[in-house]
Amino acid sequence: MREAITVRDLSYKYPDGTKALEDVNMEVHEGERIAIVGPNGAGKTTLMLHLNGTFRCMEGEVELFGKTVSKLKRAEIVKEIGMVFQDPDDQLFMPTLFDDIAFGPINQGLKGDEVRERVDKAIMSLGLSGYEDRAPHRLSFGEKKKASLAAVMAMEPRILVLDEPTANLDPYSRTELIGILNELNDREGITMVIATHDVNAIPELADRIYALNRRIIETGTPREIFFDGELLKQNKLDVPDVFKLFDVMRCFGFNCDKLPLSLDEAVSGLTRVIETAGGHIHLHIHEHTHDEVKKWREKYEHH
Amino acid sequence: MREAITVRDLSYKYPDGTKALEDVNMEVHEGERIAIVGPNGAGKTTLMLHLNGTFRCMEGEVELFGKTVSKLKRAEIVKEIGMVFQDPDDQLFMPTLFDDIAFGPINQGLKGDEVRERVDKAIMSLGLSGYEDRAPHRLSFGEKKKASLAAVMAMEPRILVLDEPTANLDPYSRTELIGILNELNDREGITMVIATHDVNAIPELADRIYALNRRIIETGTPREIFFDGELLKQNKLDVPDVFKLFDVMRCFGFNCDKLPLSLDEAVSGLTRVIETAGGHIHLHIHEHTHDEVKKWREKYEHH
Amino acid sequence: MVEYPEIDRYSSLDSVMHRFDPRAKLIAFLILIFSIVLLQDLKLAFIGLLGAILFLIASKLPLRFVLQHIKWVCFFIVPFILIMPFSVHGTGIFHFHGLTLTYEGLEYGILVAVRALAAVIIVLPMIATTRFDITIKALGELKMPNMLVQMFMFTYRYIFVFVIEFQRTWRAMVARGFQMKTNLYALRTIGKALGTFFIRSYERGDRVYQALRARGYTVKPKTLVEFKMRASDYVWTVVIIGFAVSLHVVPFVEVT
Amino acid sequence: MVHISDGILSLPVLAAGWAITIALIAVALWWSKRRGNVEEEIPKLSVMTAAFFVASLIHIPVGPTCVHFMLNGLVGVILGILAYPAIFIGLVLQAVLFQHGGITTIGVNTVNMGVGALIAFAIFRVGSMYGSLVVRKELSAWIFGALAGGVAVFLTVIFTAVSLILTSREAFFAVAITLMLAHIPIMIIEAIVTGSIVVFLLKVKPELIGGLGDDNK
């Protein structure tokens, strides 16, 4: 597997002296889906702005497919990596949706018909047809979010970097967006790096997590990270509710080898456990149940 | 119980012709905590702007403690109702946090010492001491959110209206904010109206839900609303994960009279069910399990 | 508190003006506006105004919209019409507390008013019948420097973002009991609120620049447009420019 | 009020307005190209122009009528030389989006407001450099901020009056005087508001003051 992104010993200080990143090391394989988690102000956005060369590395370096970002030309970086920002209003800068989506391809030097093809494809795959001539300020927040994703997709980058894609979306639009992203990864093998506070979305959205809090605290599969109670607590992180719930069911004698992270996993896990136990399991309150529940509570409690 | 807010037959059209509200009727008792849910563009923000008289009612009317809002003076409305907007940046407009929190009390005509007292109290109760002289744009998102709440609290309103208070917060700050709001309601009996997409927070934050989608679709306790599968589906609403999970466990023969809405409820529910069954229950796969799981899946699936 | 620009609200109607090629439309009507504001003769100015009204009618824009957009000019013109008849020397028609209302002054005042009104009326068929972003693109096609075209695009887009943002801030201020009066406290508060607003705008400017760069922005490229002149576009161009020119040439020919 | 509409000014005045405006825009853009990174400045300048545009839509009640902010002094203090193209863009958009001011008069109106902005910039630059030697920094910023704001409006009104009088002294003299008198309260309001904004910015985000794309910030 090739490395899509390599970050080596990256540190960054804002001009006013705020240390936002310290000694960050990171490796993302091609086709992988990575989630970056960490509290408000952890440096997630700052890190992402280094990936596409918006911020020059002051210390350390970033490589895309083995090439140092600071030595690449803008046009080359843009071909490799597309970035969707936190606030869609920052990134929809043209008066209509069509112009905005066409903006990237035009900058890449494509000609009329190619541009139109790219725009059509992006619009189709995000279900935005009919919106081409709309002004961004007449879109709902969820639509703006999808539009900003379409604008980046039209550039057909090999890596997609997304800053809190699910924030402020209603549950329906959120599910829809998650589906779209996974399809992109599936069908076109696009590598993804996603910063998010939405822990319930992580199991569906990421193969691996980087926990960031100015420095990289830990990396691992969602399961590995969510299992590390101490790590979670120290870095103000959280765990999906389903995971917590199955964890507490263990106090009642539920014997689950693998705690589920999403509802789907929960159902299939439940089915499997019951089936392997001969179609039938017990839950009971035994002498240690209450102590165990208490411990469980402490593990996830934030205060 | 007195009515804190009464909305009667309220309709609203934006100048460009968008119908945002139609025939909205709503009653909020004193001391109640109300959640307003609905998809992006449902009119939640628009409704809230009517509650504090920012928008004049074109059709219908709003009453606060029995007095018609449109007939009240600005100063009187402000004493009754405080509003925390979606984006904290929109409402922190003074150079320092102190100035910002003092802004409301000064407009209420209070004098130096009283103002200072109010500010101190608000700062204390939100844990913002030490931040008085900071400029708002140097605060983290979670801090800004708390600051905007403090600014409204300093005016000591009897009703608090909050637009998506948990959006963009990290899980820790989110838990903290929920705690603060519930304490305010508990200790000072403040009535609360909260618009939110964060279904997992609703059981902890609200006694009653209004489902809004341009018109009021339904009202009821969280349990009542979350039980109404058709309603949820038609209005693109969602249900807490814990609720869904216990719902699926019923397919496996789990006999729960009351589906839990939060983790705490889940644990105590589980304990109670097992205890009433004599310290011991079965889960099993019976002949209808798979069909039931399939039905369950359809019930909550958005696509 | 602040209003939204809605000049292209009726750009999706259908009329000969709506179908007119935006580039030709801009050129032709700009020439007409310049031609009318330079007229010196009241009769000709009235003919210009009549022409302007005919073009406006051809554009099928609703009357309410039209009145809303020309009311500002009417306010602006009022002091001229009220004061000039008394300040220009000439044949007195009417004496009033030592002031003399002159025929010449009245005529000049009316001339100014008619020219102003005609010009502003022509702006409507020129601008309000095309989506504003397309008008900006047309300017680009007409060889306006690319830097300026882009500034128009971005500025136009962010006006909407900021109107909405400012409305929200204003609501938050009112919700905390602020009332706009003309006193020092209110003015200083407005000053501070505007200061915050500018800081946020400046920071947004940074983020917009980052987003632009992330999509490979260079100053060079243009937007994708396809304008095509059809026969009817040539006809209209000739008609409008012909009218503009004849306002100046015909009286000259008559005299000689 | 100070945006002169179409149909009033004479050909020589209009032509002079356009000539000066085109020349000054060219100089400003050339200067910024030489000085810094245009690619960076176009988006930032556009966003700030939009912000000023929106701020100038705010109306304030004065007696029975309303006035709008002009803010050209502040634009000058913040954007420096690039204030000129920013004001040009703003005025074109005001003319075509709201019909405030005319089309043919954009050149003249830009001179009237833009030169005021440039001079306000100079006043503030020089003033606060020496002013802070004499009084507290904040006070000096307030004084020169207010001065810049007031002077910019004053100059705009004077220039507007001059463009009217150059067109026809006889016809427009009285109008010009009325115009100037009517703007005295606006001048005072702008001075106060500009002063408080400048102090605020200096306290909270000093890099915003003193010219976009300027090296020494």
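Think of it as A, B, C and D in the order they're written, each chain with its own count starting at 1.
As a working rule, a contact is a pair of C-beta atoms (placed from the backbone, for glycine too) under 8 Å apart; a residue touches a chain by one contact, two chains touch by 3 or more.
Because the structure is predicted, anything quoted here is derived from the model rather than measured.
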Quick one: name the chains whose C-beta contact count is the highest of any pair.
-> C-D
Which whole number of Å gives the spacing of the CA centres of subunit B and subunit D?
-> 45
When the centre of a chain is set as the mean of its C-alpha atoms, what distance in Å lies between subunit C and subunit D?
-> 19
When the centre of a chain is set as the mean of its C-alpha atoms, what distance in Å lies between subunit A and subunit B?
-> 27
Subunit B residues counted as touching two or more neighbouring chains | 95, 137
Residue numbers in subunit C touching two or more further chains are 132, 153-154, 156-158, 161, 192, 195-197, 199, 204, 208, 212-213, 217-218
Which residues belonging to subunit D are in contact with no fewer than two other chains?
-> 43, 200, 204-205
Name the touching chain pairs, please: which are they?
-> A-B, A-C, B-C, B-D, C-D
Which part of subunit A faces subunit B closely enough to touch in the complex?
-> 38-41, 140-143, 164, 167-173, 175-176, 179, 197, 199-200, 236-238, 240-242, 244-245, 248-249, 252, 263, 266-267, 270-271, 274-275, 279-285, 289, 293, 297, 302-303
Give every residue of subunit A touching subunit C within the complex, in rising order.
-> 49, 52, 54, 74-75, 78, 82-83, 85, 87, 89-96, 99, 102-104, 106-109, 112, 115-116, 133, 135-137, 151-152, 155
Subunit B contacts subunit D in the complex at 95, 135, 137
Contact footprint of subunit C on subunit D as seen in their complex | 1, 3, 5-9, 11, 14, 25, 29, 38-40, 42-51, 53-55, 57-62, 78, 85, 89-90, 92-93, 95-100, 102-104, 168, 170-175, 178-179, 189, 192-197, 200-201, 204-205, 208
So, in the complex, the side of subunit C touching subunit B is made of residues 4, 6, 9, 165, 168-169, 171-179, 189, 192-193, 195-197, 199-200, 203
